[in-house]
Every structure is written in C-alpha cells, then in structure tokens.
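Going by the order they are written in, the chains are A, B, C and D; count residues from 1 in each one.
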Amino acid sequence: MPATALPHALGAAAQALAASAPELNRLDGFAGDGDLGVTMTVVAEVAQEVLAREEADGTRLLSSLGAAIARRAPSTSGTLLATACLRASQALRDDQGAPVEVMLHCFSAALEGVMARGKAEPGDRTLVDGLNAICGSLERSVADGTSWPLALLEAAGAAQAMAEATSNMEPRKGRASWVPQRALGHPDAGCSMLAIGLQAAAQACQPLP
Amino acid sequence: MPATALPHALGAAAQALAASAPELNRLDGFAGDGDLGVTMTVVAEVAQEVLAREEADGTRLLSSLGAAIARRAPSTSGTLLATACLRASQALRDDQGAPVEVMLHCFSAALEGVMARGKAEPGDRTLVDGLNAICGSLERSVADGTSWPLALLEAAGAAQAMAEATSNMEPRKGRASWVPQRALGHPDAGCSMLAIGLQAAAQACQPLP
Amino acid sequence: MRKLINEPKSFVDEMLEGVLLAHPESLRSPARRVLVRADAPRQGKVAIVTGGGSGHLPLFMGYVGQGLADAVAVGDVFASPSAEQVLEATRAVDGGAGALYLYGNYSGDTMNFDLAAELAQLEGLETTTVLGADDVASAPPAEAARRRGVAGIAMLYKVAGAKAELGATLGQVVEVTERAAAGLRSMGVALSPCTVPAAGKPTFDLPEGEMELGMGIHGEPGVARGPLQSAADVGADLARRLVADLPYERGDEVAVLVNGLGATPVEELYVLFRTVHAVLAEHGVQVRRAWVGEYATSLEMAGASVSLMRLGPELLSLLEAPSRSPLLARW
Amino acid sequence: MRKLINEPKSFVDEMLEGVLLAHPESLRSPARRVLVRADAPRQGKVAIVTGGGSGHLPLFMGYVGQGLADAVAVGDVFASPSAEQVLEATRAVDGGAGALYLYGNYSGDTMNFDLAAELAQLEGLETTTVLGADDVASAPPAEAARRRGVAGIAMLYKVAGAKAELGATLGQVVEVTERAAAGLRSMGVALSPCTVPAAGKPTFDLPEGEMELGMGIHGEPGVARGPLQSAADVGADLARRLVADLPYERGDEVAVLVNGLGATPVEELYVLFRTVHAVLAEHGVQVRRAWVGEYATSLEMAGASVSLMRLGPELLSLLEAPSRSPLLARW
C-alpha cells in the first residue's frame, strides 16, 4: 500500500471497529471479560485524533498511533496493537520496496513484536494467529505479483477465515485460557477484530469500478 | 367468648395470618417497609408454640402469648400486639362477666394499651382504628344482647369495614406517615391484619349449622 | 433471590455466629442477639447502647468498638430488637455512669427502647435517649422530630463515643450528641429494590432506568420517582435540599458522608461526592472532613445517600478522634 | 443500567477527582491516573507499586497507605493502566531502596508493568515483581503460575507493606511476599453479572436462581454453572477446594478473607464465613485471623470469594501490623 493510502485505510478500519463494539464485547464475553469493544472504541477515537493531527507520513503516523494507543487503551489487545503499530512504523521507515512487500514487512514486524510482548505462539488462539494468517496471505500475494489493493482484500479474507477457524481452537493465553472450553464454538474476539479492521481498510482502498 | 374457646380462636387466627403473609407484606409495602407478613408469620409460629404448651387458662395463655410475641416479634405491630395480649390478659383475670362483656373489656384494655404504647389516636390510620371499630361493634352487641359467636362475627365485619375505610385515610403514625399519599387507595396493613385474624377466629367459633 | 443464605429464619443468628467467630478479640455476646465490646463494662464510662434491625451492616453492629458504642441489640431483618434485648445490653455494659440510648427514629425501635429504659430504671440504671432523625425526605422541617434515622447516625456514634471515651458525664455526652444531631441532615436515592430474605420478594418495584428520590433504608417510599438522572444531577439535587433544609450559611463548615446502600460500587459514590463537594463550595460551605463508602446499607439495594453535619470546633475533633471496630476498619 | 454516573468515558477521572477531594490528607496525584501516599517518597523504604483496572474498589487504590502500598496506577474499568502510568508511579515513590511491583496476574497488566520495569531500569530504578495469582478456578495446581489474581492480594499488600515499613530490603520484602503468595488460595462464586459502564450491558447472563462457581472478578467464566445452592453448601464447596488445592495438613494455621463482590450484603458474608470456619475446623486447620467484608469487588456483581493464606509466625505478625488507608478504614 502506498503511504498516501494509509490514513484513509486506518480511518476506515477505526470506523468499522467502533461500529462493531457491541459484537466485539459479546465475543470477548464468552470466555474473557467482555470489553474488547470498549477498548476498540477508545482505539478508534485515538486513531481519529491522530489522523486529524498528523501529516500523511506513514512512519510518523504509525508511531504516533502506537504511542497514543499504549497510553490510552492499555488492555491486552490495546497494548499489543500499540506494539504492532510501533513495529510496523519502524519497518516502514527502513523499507522502500513495492507496496505489497512493504505491507508484508510491516505485518511481519508487527507479528514479531506481538509475539515478543505477549509470548503467545501460533495455535494459542490469539492475535498471533490472525497476524500470522495475514502475513501468509501477503507472502502469497508477493509471490503471485498481486496488486496491493487486491492483496489487502485477500489478507482481510485470510484474517476472516482464521477468525472462523479459531472457533475450534482452545485458548492458551489471556483470560480466555482460564476456562478454555467456554471459548469453543465462538471465534476469538481479537482475531475477529483484526478481520473487521482489515476488511474495512481493504474495502476503502479498492479502485472505483 | 368462654375461656375454653380461646385456644381454638387464637389458633385459627394464627393460621389465617400466616396464610395471608404475602398479602400483608404487599399492603405494608405501599407506604411502609413491606414486612408485616414476615412479622405475622413469626407471630403465628409463636402462637402455635404457646398454644401447644399452655393449659386452657385464658389469662395465662394471653400473658404467655404477649410475652413471647414481645420477645420474638418486636416490630411495631408485634410489640403492639404483645401489649394488646398482656392488657387483655389482665382484663380477663379481673373480669367474670358474660362472654360478650368480657370480650369488650379485653379489647378495650387492648386498645388502651396500644394507644399508650404507640401514641396514636383514632383517625391516624393505625391498629388503633381497627381496635376502635372492634370495640364499637362489641359495645353494640352488649347493648343488643347478641350471642358471643355472632358478636365476634360482627366485630370481624366491623374490623373489615374499618380496614376498607382506611384506604381513604392518610397515615399519621409509623413508617407510612413519612410519605402519607403513598398509602392512599390501599387499606392500612395493620387494620387488614386485625380483620383477617378476627374473621378467622370468628368463623372457627360459629356453631355447626 | 440472589442470596447466599440458608434458612431465612436462621439468617440473623447464623450471621451473628459468623461475626463472633470472626472477631473473638473484639466482640462478645452476653445474651441472645446482644453484642458488646470485648472490654465492656468500662467502669466510670458512659455506656452507649444501640440497636435496630439487621440488613444494614455495618449499621448497627459495626459501630460497637473503641470510641464508638458499647453494645448493640440485634433485631431481625428490618425489625426492631426486643425490649428484653436492649435491657440485657444495658446491663452488660453498665459502668456506673449511665447509658445513652442512641438509635434511629422508628416506631418499633422507640417502643422497645422506651420500654427497656423503664425496666432499666427499675434496676437503678440511668438512661437517656438521643434519636437519629436525619432523613429530610421523611417530614418537613417544622416536623423534624418525626423524621426517620438513616446513615447520618454513623457520625453520631463517632461524636458520642469519642466524648464518652474522654470521661464525660451522661449529661455532657447527651448535650454534644444532641448538638451534633441538630446539625445533621441526610437524604438518599434508590436505584433498585431489596429483598427481605423471609419475604422472598422485593419490597417494592423499581424498574431499571428509574430512581426513587428520598427512599428510606427499608424501602419506605420516597418523595419522587422518575427517570434515572446523572450522578451530577442527583448529587446536586440532594446537596441543595440538604443545604436548604438546615439551612447553611456562607462560611459554615461541614463533615460529609456519602453512603452506599449496598449494590452501588464505591467508585460511583466518589463520583457523587465530587458533585456534592462542588455544590457545597458554590454555597460557601467548607468540607472539613469527608467519608465515602458503605456506612448504612439496605441489603442489596442500589443507591446512595448524602449526609451533612454542620461542624463546630468540638464536633470536628470528636469526629476525628481515634476509634476502632472490626466491621469498620478492614485492616 | 442502575448506575449513578455521568458520561461513562469520564467515569474513572471523575471518581479520582472525588477521591482526591475526599482524602487530601492521605493521597495525592503526581501524574494523571496515578495516586501515591501523601508522605511519599519515603527515603530508604522499599516502595510498593500496584495498579490495575477500575471497578474493584477498595482494590487497588484502597491499598495505598501506611503499612500498605505506596503508589497505584489506575486503569479504566477492568483495563490495565499504561506502562507510562506505572513508570510515573515508580518515579514518584522511589526512596532509593527499589520498588516491588505487586499486582494481579492479567496479561494486560503484566505487559504494561513489565514494560514499565524495563523503562524504570533505564533510569536506574530497581524493581522486582510479585504477582497475585490466587484463584484456583483459573488453572490446575500444576499450572499455578497461570492463575489469575483475585481478592487474596489484599493480604499480600498487608504482608509486603508491613515488611517494607520495618525497613527490610527489596530482597527481603520480595522473599516474604512470595512466601505469602505461595500459601495463598482463593475461589469465588457469582450470583449476578455486572455491567461495565462503557459497555452499557451486562458482561454475561446469569439468571436469578443460578450461580457460577469460580467466576473471575471481571466476569471471566467459572468452572461450573448451576442452580443457586445454600450458603452452607457453597461455603463448604469453596473451603474444601481451597484446602485440597494447597493442600493443608492438620495443625496448619490460616488467615481467612471472605470477600464480597459488590452487591452481596456483608451479613451474607458472615453466614458464609461461619461455614468456612466449620470446614476448616473439620480439617484440623486453625483460623488465627479473619476478615469479612468488601476487599476486591467487581462493580455491582453479587457473590463472594473465600481466600486462605497459610500462616507461619512471621506472616501472622505482618498481617496484624498497623496499617491505614482512607478507603479501608471507614473511621
């Protein structure tokens, strides 16, 4: 994704997450504490503020966003999203490749940061699974030479598929891991959140037909 | 009422009061604290215990009952009922007249005791109004030479009529007096309690047809 | 019912068993449903005897301790203790200097305490009564003596207890407690009903989204029911009514108690206090001391009350004197 | 919602304003959403820093005071404070002897406290972490380190705070707190859900007449849901699970905390304690000290938890050492 599209994509993701707050609360409520939507409402608000303030420099935008989320929405998902933004910002600064490659590098850096901070592995039914699916899809897009808007759309689809797949996975990290059976049959709240945000971002970036 | 009928009458009254507990709670709830039925359940239990224990001596029965109620059910209505029993017991000891006259003297003594203890006047929408109506009816029965079972039935009717009349009276004593309007449209809980108890006692004393 | 209980009938006695097992170093029971300070009687000290219905913890039992009351007679849920219990309590803590009967103005309680006072007198035990009658929602100012007692009595225990601990005579304890009571006003708001265990059903209906202003601590009806307002509006309304009732003048000093009725989180009480403080500042009334928490509950009722006590110099120092009770001090 | 609040968004900040207005002599705020003891920093004393989500009063803020913690970082309702807040708290109370980070084992909190610890180290501030992880319902004994922290942490504050007040080193404070934590177990039961103000709806459904055993203090699912049992059955079940988890041996001594989750009357907690005491006696375990009341709430959730700490001689004397906080001591 070219840096100029980033504010647009982030704004769309924020709006979609705020709109899905009740659903995210509900999903987090099955095995967690039912507040993921509350956190995402704050994240969305913070994002709008940062977007209104910052220039369109992607690196600055992502680092400001990460810092603001860390300060204002320090729940598990908020802190990990903040880490993801900060790592992605760094990757963006160091990278001048083609859009889909840049996206892959940013998401890979985010995934690494989230794993280091949250100590979850793939298969633990956490954000790590969602980010992993996104990275896998972007890798394929790089290999296939897919255009960046389409790569984004496919990554959103992969995140959605992973969210659905988590329904059969037992949580092994976070609150949901205390009574893991309760989560079964419902998608992981954090993975659903990634899917919703990315789907909105991807839609916002599609060329007009 | 001959002293031998007293245990029978009291037992019937106790049973009826316990059965009406939910209704008495409801009536007390409109302007009071909704516990008159709870108190009457205890009073009924105490009465059954005393009746099981005591000989059929009316004076002893009433004084034991009064003392037990004072100890075990010391709410407003309980304490006043205890006073009524103790005063009635005294009146019974000092009195060897005809049954209806004895009843009148007992209820008059009870009324006096309740007024002294609770400092309510007729018209304040309290037990005083109910006892007053009962005494008035018994006076008429004495004058008319009514038989004691019938006098009891008429007194119960007078208590019931008074309970209904209290629906239009503003409470001036007890909890209900703090927001007197709330009581309007509903009979006073304490007067209803007297009517229910006396009605059951009277029914239990009617000669078989 | 959402209650952790056994037989409703045995609720109060089981609760008392628990209290005595939990706090053997602080409380003992000289007679059925009577608790006294473990170190009672204290020779030469005016004894303070209280009592009332259960369901209001820490009221009344929680106010038995050093610098507070000496004895409590414990009634059934929302019901007065008996005169016999009050008499037993009086006997157990009599230190030869007389006793203050300090409790809330409810007809069941006054009848039983008055009867106990008569019986105590026959035994040569001197008693004087001061009633908590602080709820402005229960009668107009002209009939202030008819008002019921609510959470404000917590401050009266503190004043009377501290004074007695200083070695004051019964007359002196009564004088300062009456002075404190004369400047004490409370009012509350309920957001949900509560359920007496033995009744099994809520005492009244109060749908979610509504509130009842001026409701009593046993669910006695309040002065107005309407849609639930914001904490700022409720706090301002309560504070203004209290300020107007006394009334306060600019420059007055006050102690404030914001009390939770049971189910309302303490967080909300602090939000409410914030507004009360602002309204008092608007009126030029200075908050010298504030307490926020559960001081007199109504089982699991949601809601809160605000109590104001106008201060003079002696009252503040008595309110700040040391005191200790196992039910009030969590550590 | 049956809540006395204004904008859900400003709930925590308004609550904090209220706290500071009510207790200016005890608490001050050196940074946004950070509270410290008014007398902090204390030179040469190990500082104890805690923090966590709002909605649990008196946890966490209430445990800031003499003989307890020195600072608290206050999160949104049920949400961790930020690393920045924790760092500010650490700076404000550093007395040159290092800091103990003592808080509950939740991933949001551990991530933010760990980050703060790294940042503090860059500034030359030494910190060590001890986690409250006492809820036996959240993982089997073999994975005890994964367990979440609930009300038992109240006793850890007391132990750590008393030890630090005695002039112990950070290593000594950590040692005794870890020893206390190793013998600490808790479990609770919920009788109603609670509502996060910003969510506006109950976190979960729990119909009247049902209970959820082992529910967490943010409404995390428990180990079993079923019809509401009697206090005797619930108390015995909880006590037996706790005794078996450690496990206790005959002759062991224990401190007991029976905690209310918010809406449950303290009367019911004493009824519950009565059974817990009896079960411990059956197992030959002696109750040396008991506390009953609200120590860690979940907004207006109905229910209770039981915490047991196995005692050694030092632990008991630390638990009994003097302490003072405006939110814990009602007088």
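A few notes on this one:
Note that contacts are C-beta pairs under 8 Å (C-beta built on N, C-alpha and C of every residue); 3 or more make two chains touch, one makes a residue touch a chain.
Predicted model only: the values in this text are computed from it and were never measured.
Where touching is counted per the definition, chain B and chain C have no chain in common.
Rounded to whole angstrom units, the spacing between the C-alpha centres of chain A and chain C is 54.
For this pair, chain A with chain D, the centres built from the Cα atoms lie 32 Å apart.
Per-chain Cα centroids separate chain A from chain B by 74 Å. If you sketch which chains touch which, the chains link end to end in a single open path, with no loop closing it.
Chains touching one another form the pairs A-D, B-C, C-D.
By the touch rule above, chain C contacts chain D in their complex via residues 1-6, 11-12, 14-19, 21-23, 54-55, 57-58, 67-68, 158, 189, 191-192, 208-209, 228, 230-232, 234, 262-274, 277, 287, 290-295, 297, 299-300, 302-304, 323-325, 327-331. Against chain A, in their complex, chain D makes its touches with residues 75-84, 106-108, 111-112, 115, 137-139, 146-148, 196, 198-199, 201, 203-204, 214, 216, 218-223. The residues of chain A lying in touch with chain D in their complex are 22, 25, 29-35, 37-39, 41-42, 70-76, 78-80, 117-118, 173-175, 177-179, 182.
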